[in-house]
Amino acid sequence: MTTILLIVFIISLLYFAIANRLMTYVKILALQGILLFGVALIELIEINVLNLIFILFETIVVKTIAIPLFMRYIIKKNKITREAEPYVSYFASLISITLIIIATFMIANYIHDTHLNKIYFIAALSALFSGLYFISTRRKIITHVICYVVIENGVFILSLAVGHNMPMLVNLGILLDVFVSIFLLGIFVNKVGDVIDEGDVTQLSKIKD
Amino acid sequence: MPIIEIKHKSILLIITELFIVIFSSIFTIQALTGNTTRILLVGTIVTGVVPIVTDPLAAWFILIINFTFFTGAIYGVNYMKAFHAQKAQLSLHWISYLLTHICLLAVCVVQNMLVFLLVWEIMAISSFVMVIFESEKPKTIKAGINYLIQSHIGVLILTIAFGWVYIKSGSFLFDAIRIFAHTVSASESFGLMLLFFTGFAFKSGFIPFHTWLPYAHPAAPAHVSGVMSGVLIKIGIYGILRMLFLLPTNYVAIGVVILVVSVITGIYGVMLAIVQHNLKTLLAYHSIENIGIIGIGIGVGCLGIGSENFPMAVIGFAGALLHTLNHSLFKSLLFYGAGNVYQATHSVNIESFGGLIKRMPHTAFLFLIASLAICGLPPFNGFISEFLIYSGLISGWIHGSFIYVFMSVFGVFGLSVIGGLAILCFTKAFGTIFLGTPRHTFDHEIHESNCMALIPMYVIATLIVAIGIFPFYFVQALWLPIQQFTGSMPNENMLAVLTSLNVVQQIGIASLYFIALAGVVWFIRKQLTKDRVITYNETWGCGYVAPNPKMQYTASSFVRTYRKLAESILQFHKYKKEIKGIFPNEAFQTILPLDRIETYLINAPLKRIRYWLNRFSFLQNGSLQFYILYGLLFIMVLITIPFIGHFYHFMVHLLNTF
Amino acid sequence: MIFFYLVSSLIFASALLINRNALINKLLVLGFLVLQISYTVFTFMHQNVVEATYFMPDALAVLMTVTLTIIAIPTLLHRYDYMYKEQDTPNNQGLYYGAMVIFVMALTAGYLASYIAVTWIFVEITTLSASVLIFHRRNAGSIEATWKYIFVCSISLVFVFIGILLLSLAMGDQYGAGMQYNTLIRLAPSFNPFWLKLAFIFIFTGYTVKLGLIPMYTAGIDAKDKAPTPAAALFSSVLMNLGFVGIFRMYLITAHSSILGWVNTIILITALLSVFIATVYMMKVKNIKRMLAYSSIEHMGIVMIGIGVGGIGYYAAILQLILHSFMKSSLFLQVGHLYKTFKSKEIFAMGNYFKYNTSGGIFLLLAFFGITAIPPSGLFISEFYIIIALVKAHALIILIPLLSLLTIITWAYGKNMFKILFIPSMNFDKTGIEKSNPYETLSHYLLLALVVYLGFFPPTTFVALIQTTIHSLPI
Amino acid sequence: MIIASLFISGIIVQTKSITSGRKGPGIMQPMKDIVKLLKKGSVYSKTTSWIFQLAPTIYFSSILMAMSMLPLGGSRGLFSFNGDFVFFAYILATGKFFNIISALDTGSSFEGMGASREALFSMLAEPAFFILMGSLALLTGFTSFDAIFQSLHFGSYITYALGIIATFILLMLTMIENSRMPVDDPKTHLELTMIHEAMILDNSGFDLGLIFQATNLKFVLYGMLIVNMFIGNLPLYTTIPLFFVIQMAFGISIGLIESFIARYRMGHNAQFVLILSSLSLLILFSVLLISNKFNS
């Protein structure tokens, strides 16, 4: 069951590559949140209740509802154009994301470990790398934040994979996720937003040598 | 020091100098009379024990240093009167002057590698601070940095060499070097010796490590240039000698290397010196030349040790050490003379001088003496040391196998060419500066500098003449330092050595006779011509009636014939505007000589490096995506590298199956 | 005790945040300093005693904490000397000091943490507090710098987190033991090398953002450029040390496993490349603060080369690290005075500093020799050891490029420093230069003297601490 | 030897005039000139300084000095020590130095030109002399004039060849040092082509006399070197006439050379001088060949 969810997650990455509207990104984020919720529910059903509740809260409330709404609010507030406007064409991104996923599969191919379900590993790494890839190919600052959240999702999956060993790590990951996302978005809303009307990253590359 | 008034400052300086000189000289005299002083300082965890040893070799250099620094201080105090405006800088200057002196002394006596490097580098940087005194000129700073960096490179090389010894022997003491030589193979110790030679060559300005010298010397104030070229570059010689003494290696090979390098250094230095028009640059190139001569002496000594030819070794080292002293004397005198001229005229361009002998007779007289001495002409001191080196070469030439003969011929050839060229150079310099008629009218009155400047110069001059006439005493003083090198050798033919050293006594007599002869002739001439009619008239212009200063031979025209010859070797930039048409309009021709080695060895690579480095400056391009991308790529690469290997094996496997 | 420390420093921070009175502000800062010093003494007294299960002041931690405290004193106090104090509202003052206090606290805790994850948490906290400091000026430049810094740091810390997860995978069945450094070191031989390699890659990459190596050094430069000089002094010294602590503890783990050779290769290549990058920009930059930031990159490269080559290089690396912290922080503090004199960070706008501020000028002159490791600078000793280690390891392929790059860097340094010191700058009006009184430079001289002292006359306890830090490493 | 010097240039002039089919002035003619000059008063240029007056004296005395170092037959020179030929060369250089700067002292362009050429050529000539003497030293194993000449005996034919080459070199050196044909033409009337003569344009009276006399002495000096090469250690009463004879031959030969060789272009002189060095190297290596040092 988890496998199916994770595969859907990976497919969502591919969709992310070709999506051309910011709103679509936000929707994808919400979708991923739901997926993670499912995974977490199945994977961590046996750990203590409080912890489980905490995790589910994180996935549902934060990842699925709060952050996407927040994003929408920002996009509306700063009147950011709806187009994603990437540097490279959607097709190229699609190709590279596919390559990344294949690469992660190849890497996972070398794992001989009983403690790890490979699909977690694949999903996590592909989420990480594709997230990085999106950051370095998208123009808007808001997309950077979105991609950061995608990476966070990947990390969350990985932490789920080892979660039943050490719940502490999972919680830490969650804390980081919440904390940093809030922080980043907070800064974005308060500061960056008002100095930079159109959230184009070129306006944030003044300092250079 | 900044609190004190300038006057008191200079007095304080002199007193401190005096104190240092006296204090260090005590040990020196003891060492030269045979009893070496050894003090063992307890160092720190890092350095270990620090032996302070004043052996004859060190003592000889300490004497030279003390003399030059003392006279330099007296001259400098007067020279610096012009700069009393910037107080802070002045005190910094004098502090670094004292620091340099102390560190030089320390370099001579310290026998612990780490501490040696420490004091060595402190000496370098404090002398650097002295050089950049006139810091409002960007050229000065440029020269200073050039000097600093090159000496730093030298230190790096020395560091590697010392580190090598440390690894092998696990100790920082100088004796460890000797142990090193015993433990490792001959070729390895030879390599180490080469490293040392290179490291010290940077300081003493052997070709091709000389390029900082012609910039640093002119940039510095006169007394600093005098001190630098007098002792600071000699400290490199000291290092080489010390290492030769500590590191028993293949003396023949190293001798050949040193000799060849030195001959090239000497000839190249003087060849470039001739075509210079900046007086101080000219003198700087002459320092290079003299380093070459000293190096020839060392090379001869090494060959002598290598070939068990005792007289050759002794005479070679004697020549080298004595020339070290001599050069420090006449070169500092020359620089002080240049300083006087600069202060009188505010110019160092030879072409703009002329007829200064009438305005500043004392300076002219001293400069003449120094020029004669540096050309190695009797009856002055330069001749003595050059003579020693000559006879060392010849003794190697007479007894010795083919390689020695060949080397000696090379050396003699080089030395004689150097001598000849030096004469050409200094006739040019002296003639164009002090003789003839002024080529350029200065807007201010030119007058002789005051006695405070002249007194130290006269002291030096008397010493120059003294060595020229009574060389034997000085050579005697050299006996112990030389024995440090040759002590290990079988010296059955002691007699030959002593005779060969006694020769200098006869030279002294001959010089005396020569002076007497000249005096007699002069006297006769006076007697005969005193009642003759003496009329003064214009210089005969071949019937031309309106001679003017522009008509006389300039420095560049004086060396034109030479330049034509040398153009194949050296490199010149010519900017000329020929006279065209019937009515001659304004025309000019300026020739500035370039140091070919510098162009090819320093400037071109530097330019290429800069260009090449700049091509990488896209990295910090300010866009966040790239910054993230670097991380991505880094991880990707690190992860995939092993898989490439796996893939390769897989393909190989695949191909093998078919 | 650690809890007391953390809590009370939090109290101080919050008090500073809400307080508006300058005098109380001063008092609070002094109070925090007292706390910091006393806690440092405490850690020094109780070495290798586990505190609150998550902290243990081992040799490395003690060294770093002492360094931090020594540097923190002038950086916190000198704030009052700088010219832009009057353009600060009390509000900003409070924010600044609160962030400072949190920052120092997080650094201390980060050094002391004995759990890999706890270290990571405090590194995260340093990022956040640092971003407040960078943001202090509230102009477009500082916003950009802050944004970049936060973003790059967050990404890198995600890397670190992934690394930790992978490490836990590497532990295999022994996950019960918990991820305490000592435990990890003990278990390291039995780790799965594949996971360990992956974990190292991620943790190393993540912490380079703090240490200032390639690939993630980039944001740190902007941060040091835009932050107020005292903050920059901390960023370029003790913050880098925190990054080093993170990497070094991971290195210790790998050192007891089978992949040490591979790790050393990676470290050497990375370090040499970092020195190279530093050289490229040292030749290029015209902004004194950025220049100093790049020189930090260079020094960290040298440190990591020392780690990578091993042998006496370990000792040298830690020595170099500590000395560099003192040297660089004092230089940054001096830059504050420069800014005060010339109202600019651009080198071409500065000149003839020696004339306007003699004590500062002399300091800058000496500091140039100090930072370029020309004796009598103590850095010379550490670099000397590193050279020895390289020669001993026959790693000429590292040694020769390294030395040539260092020479170029020295040249670039000299060019700029002497421009600032002696060559007068065109169209600079000498009117309205307030004379900075010499006592402000005193602390810089003290730090400089400390560099020389520790280099040439290191006290035995200092040496012993370094030795214990590296004793478990294969020599 | 002084006496010989008095006649030498006279002899040369005589030979020249004879060879050019004229009836030259008597041998005593140069003597008369010099004496006349010594009696004259002098004219000094306004631009000159004490250097200008001092120089001729030193020039003259340097040559006397050098002369006093040469042995003659059995009798050794006043001074003789190991490597005294170095002293010999350098003392001459001293004289030349003063000569040159005195020329520069006048500030006249001709004299400057002459001085520059003089300096350059004699500079180029030095290595030749040193290597020649060195190889002689190598041949004999001694390093002082008289020792060398004492033990210099022409055993095999090859040494004769050497002797001849050496003589030739010395002859040419003489020409250079005294700036005669083919390097320089003293009798020209165009200053631009002079070397030595150009340098002394402004000297007059006693000084000029000194210089002329010095020049003559220089001839004798090199003559003596050659003489010494052939007469080994014969007793004095035989050497004196022999000496005069050879001096005579020397003078005549110079005269012949001068009258039959045209002056080189200034540009060529350098090459010409350098040829001497290579020649002396040739001698050196042949000496090496004799005292078979190659195989060792």
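Letters A, B, C and D mark the chains as written, and numbering starts fresh at 1 in each.
Heads up, the rule we're going with is that contacts are C-beta pairs under 8 Å (C-beta built on N, C-alpha and C of every residue); 3 or more make two chains touch, one makes a residue touch a chain.
Computed from a prediction, not measured in an experiment: that's the story for all the values here.
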Chains touching both subunit A and subunit C, listed by label: B
Most remote chain, CA-based centroid, reference being subunit A: D
Closest chain to global C-alpha mean, per-chain Cα centroids: B
Cα-centroid distance, subunit C relative to subunit D, in whole angstrom: 78
Approximate Å spacing (C-alpha centroids) for the pair subunit B, subunit C: 43
Between subunit A and subunit B, centroid-to-centroid distance (C-alpha), Å: 69
Whole-Å separation of chain centres (CA-atom averages), subunit A against subunit D: 100
Touching two or more other chains - residue numbers and ranges from subunit C: 147-148, 151, 155, 221, 281, 284
For subunit B, residues contacting two or more additional chains: 617, 620, 624, 626, 628, 631, 639
Multi-chain contact sites of subunit A, meaning residues that touch two or more partners: 110, 132, 135, 144, 204-207, 209
Complete list of chain pairs which touch one another: A-B, A-C, B-C, B-D
Of all residues in subunit B, those that touch subunit A in their complex: 617, 620-626, 628-629, 631-632, 636, 639-640, 643, 646
Residue numbers on subunit D that touch subunit B, as the complex places them: 38, 40-49, 51, 54, 57-58, 60-62, 64-65, 68-69, 78-79, 81-83, 86-87, 89-91, 93-94, 96-97, 100-101, 104-113, 115-117, 119-120, 122-124, 126-127, 129-131, 134, 137-138, 141, 143, 191, 201-202, 205-207, 210, 266-267, 270, 277, 281, 284, 288, 293-296
Complex contacts: residues of subunit A adjacent to subunit B: 87, 103, 106-107, 110, 129, 132-133, 135-138, 144, 201-202, 204-209
Of subunit B, residues touching subunit D in the complex: 354-355, 357-358, 368, 372, 375-378, 383, 386-387, 390-391, 394-395, 397-398, 401-402, 405, 408-409, 412-413, 416-417, 419-421, 423-424, 426-427, 430-432, 434-437, 499-500, 503, 506-507, 509-510, 513-514, 517-518, 520-522, 525, 528-529, 532-542, 547, 549, 551-553, 557-562, 564-565
For the subunit B and subunit C complex, residues of the former touching the latter: 2, 44-47, 86, 88-89, 92, 114, 117-118, 120-122, 125, 129, 132, 135-136, 138, 141, 144-145, 148-149, 152-153, 155-156, 159-160, 163-164, 166-167, 609-610, 613-614, 616-617, 619-620, 624, 626-628, 630-631, 633-635, 638-639, 642
